[in-house]
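Chain IDs A, B, C, D, E and F follow the sequence of writing; residue 1 opens each chain.
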Amino acid sequence: MSQFSRRLGRIVAPRTVVHAHCDVPCGIYDPAGAALAAKTVSRMVELIGQIDAGSTAVADRQKFVRCVTVKEQHAEIVKHEVQVIWSDYFKPEHLTAYPDLHTKVWNVLKLASKNKQNIDAEAAAQLEAAVKEFSDIFWATKK
Amino acid sequence: MSQFSRRLGRIVAPRTVVHAHCDVPCGIYDPAGAALAAKTVSRMVELIGQIDAGSTAVADRQKFVRCVTVKEQHAEIVKHEVQVIWSDYFKPEHLTAYPDLHTKVWNVLKLASKNKQNIDAEAAAQLEAAVKEFSDIFWATKK
Amino acid sequence: MSQFSRRLGRIVAPRTVVHAHCDVPCGIYDPAGAALAAKTVSRMVELIGQIDAGSTAVADRQKFVRCVTVKEQHAEIVKHEVQVIWSDYFKPEHLTAYPDLHTKVWNVLKLASKNKQNIDAEAAAQLEAAVKEFSDIFWATKK
Amino acid sequence: MSQFSRRLGRIVAPRTVVHAHCDVPCGIYDPAGAALAAKTVSRMVELIGQIDAGSTAVADRQKFVRCVTVKEQHAEIVKHEVQVIWSDYFKPEHLTAYPDLHTKVWNVLKLASKNKQNIDAEAAAQLEAAVKEFSDIFWATKK
Amino acid sequence: MSQFSRRLGRIVAPRTVVHAHCDVPCGIYDPAGAALAAKTVSRMVELIGQIDAGSTAVADRQKFVRCVTVKEQHAEIVKHEVQVIWSDYFKPEHLTAYPDLHTKVWNVLKLASKNKQNIDAEAAAQLEAAVKEFSDIFWATKK
Amino acid sequence: MSQFSRRLGRIVAPRTVVHAHCDVPCGIYDPAGAALAAKTVSRMVELIGQIDAGSTAVADRQKFVRCVTVKEQHAEIVKHEVQVIWSDYFKPEHLTAYPDLHTKVWNVLKLASKNKQNIDAEAAAQLEAAVKEFSDIFWATKK
């Protein structure tokens, strides 16, 4: 088993659930899940790029199918995580300091959709950056 | 809306998925999800304890149903997260340093089952401790 | 089997999936699912209100558990449907005509959370109204 | 932990998936899953009957919530399993020998709904019998 | 991002849940979800036909994987929606007016399976027609 | 519709859930689900091997995507089923007779991961053998 396939194997392995939002009364929310999912989208684009496009070897074709599926799922995870924190954690008073919060959230979701539809390293990098920006706002409000 | 119900509301809100295991090639696994889930089990036991057992008020009865459901789901999350890291991350060479790894994992799963079946602060604390121990081993192997 | 339990039975029966968003190229999105889910939340609050709170009859207690679960699921459906249309259908040009779209969406999500946490006919009515308002905007942009 | 709660604990534990239908080319379908689920519905009705209806002890109330949930899920499993075999396994030629197959399937589904809505040992026994009858037809066609 | 990929993107976007069956006491069931899903199956067959079969471009190959997955899921949705209405909404008295209801339902399910297994515009059109026929019967009984 | 595609069609059809573990008090657990899933992994590897690797026919390419997906899902089922029985059924006293139980379970999970990552008849056969061995131990403890 190659290093490559072993690594991909881990990626497609069963995912476990964590919370983007508080589930203990002290209010623990965490955008780390969204960031990790965005990073995974980028990595999938990278891995797809390493597959010889013209190859008809079954191993290559299987990697392609698995990478596309993982990319799809993780772009969806980004959307879900960010939306949960936005609607459940953020309160009206946060909007004073971050008046464009709604627009930024919207942008993350749009970028996630774009990454589902394309295999595009630039779009993946933009998604990672947008999630980081959202994450920075989140943590700034926790200070 | 009371402070209590607002907090519980967050807890039952949609959960988002993160990975207990590596999904980028550099091998990122994280038992933080298991720890958070175990903590949630404890918190649910605590919240259930605060509900007046004899109360027939619908608000109290609803809280009870929701807390039991959350406890059930999070005990299950603990089982899943720990099992994934155990089977996907740990390698035979780790067993030399931690020969009782298998037994410890088994113990976590048994404790999670016990917490599903009971409303028992002691069992919840044991689950948190067992997950912490598993987590400590995990991080020790990452050094 | 009473008329009551037969009706509730239908409600808890398996749900089937439809799309809040376009899945054919002509761009079909539909907020009808969100409206139906909000209506169901209201109905559950109504049904819970009809159960004798002090009753210890198992039939009554079962109805309570089932109604709370259905309410929880449908409040979640409202959140998901509205968020999908908001992120996938609406485009920047729509914001000119509806500059408070983001705020309205946020409000729907907050109301859905409130309805999870409470058994409150007033909050349920507000949720229905907020979804209707979102729906009206949606259809206005389709003209 | 009592014998009772330990047993219930097992019941609510994570379920694993098997196939009611052939997933290897030699055509392996199996109604055993439907039968086991119907049996579980019966058992849940029995367990609910053993709980002191008027008890306000949290342990009793938790058992009630868990048993109702398990009953609901297993009635749903019955519906799904039977429907899959009916639509995927049975062929027009089987109808000659079993002209009332469609009616029998319909009856199973109706009984499963009835068991969701009620806590009724009689209805549960009827469901078990109906699934057995369906199962007998299935196996007769395999001879 | 091409018009094509944008449209496909919408199709694969997260689906939200609506009810094929009544979940308010006045008995609202709706086969619209089944019809939309059948239409989506047809559209996927059409989109797959537009992809250059011999192309090794990753964009083309990704579209293929996504379209096959969407087709699979929507054929499944058709099966589930139709089965729910059949078992939960229709009552024995409806069979007098529509004695071949069971046969028609069975036929829809068989056609959905055929569409999973093949990329066949004719089979997709038959599925749409069969669902429409089922839908017509449904609405006729509501008059 | 060819014999081949009809068979595959069944395989990808909706799966129904059964229990690897006891859900009636007399303690019924059954590793049959794990064995069937392992067999399915093998069969998928076989079916993939029968597809002309260089073919660009859409029918062939669709079969490939579906087989890879089914293989992925069933390798996951193996992991889940075995883990449930291991943690929920086996008790400390079983370890005396089977001191390497933990190691054997771990091995099954590792093999399942390997089968996700590869299209490898040898690895699939090993998985089937490892599940059989686990199953034999299970049944031996039931005597």
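One rule holds for everything that comes next: a residue touches a chain if its C-beta (ideal position, glycine included) is under 8 Å from a C-beta of that chain, and two chains touch if they have at least 3 such contacts.
Treat the numbers as computed from the prediction; the structure is a model and nothing was measured.
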Legend entry - Path length in the contact graph (chain A to chain E, fewest steps): 1
Inset, instruction - Call it same or different for chain B and chain F: same when shared residue numbers make up over half of all numbers used at their interface. - result: same
Legend entry - More contacts between chains, B-C or A-C: B-C
Inset, instruction - Averaging each chain's C-alpha atoms to get its centre, pick out the one most distant from chain F. - result: C
Inset, instruction - Among the listed pairs D-E, A-F or B-F, choose the one whose interface is a repeat of A-E, with over half of the contact pairs the same by residue number. - result: A-F
Legend entry - Distance from chain E to chain C - Cα centre to Cα centre, in angstrom: 23
Inset, instruction - Could you put a whole-Å number on the gap between the CA centroids of chain B and chain D? - result: 30
Legend entry - Junction residues of chain E - those touching two or more other chains: 10, 13-14, 65, 69, 79-80, 88, 113
Legend entry - Complex contact set, residues of chain D against chain E: 79, 83, 86-88, 102-103, 105-106, 109-110, 113
Legend entry - chain D residues within the chain B interface of the complex: 1, 5-6, 8-10, 12-14, 56-59, 61-62, 65-66, 69
Legend entry - Contact footprint of chain A on chain F as seen in their complex: 48, 51, 53-54, 64-65, 68-69, 72, 76, 79-80, 113-114, 116-119
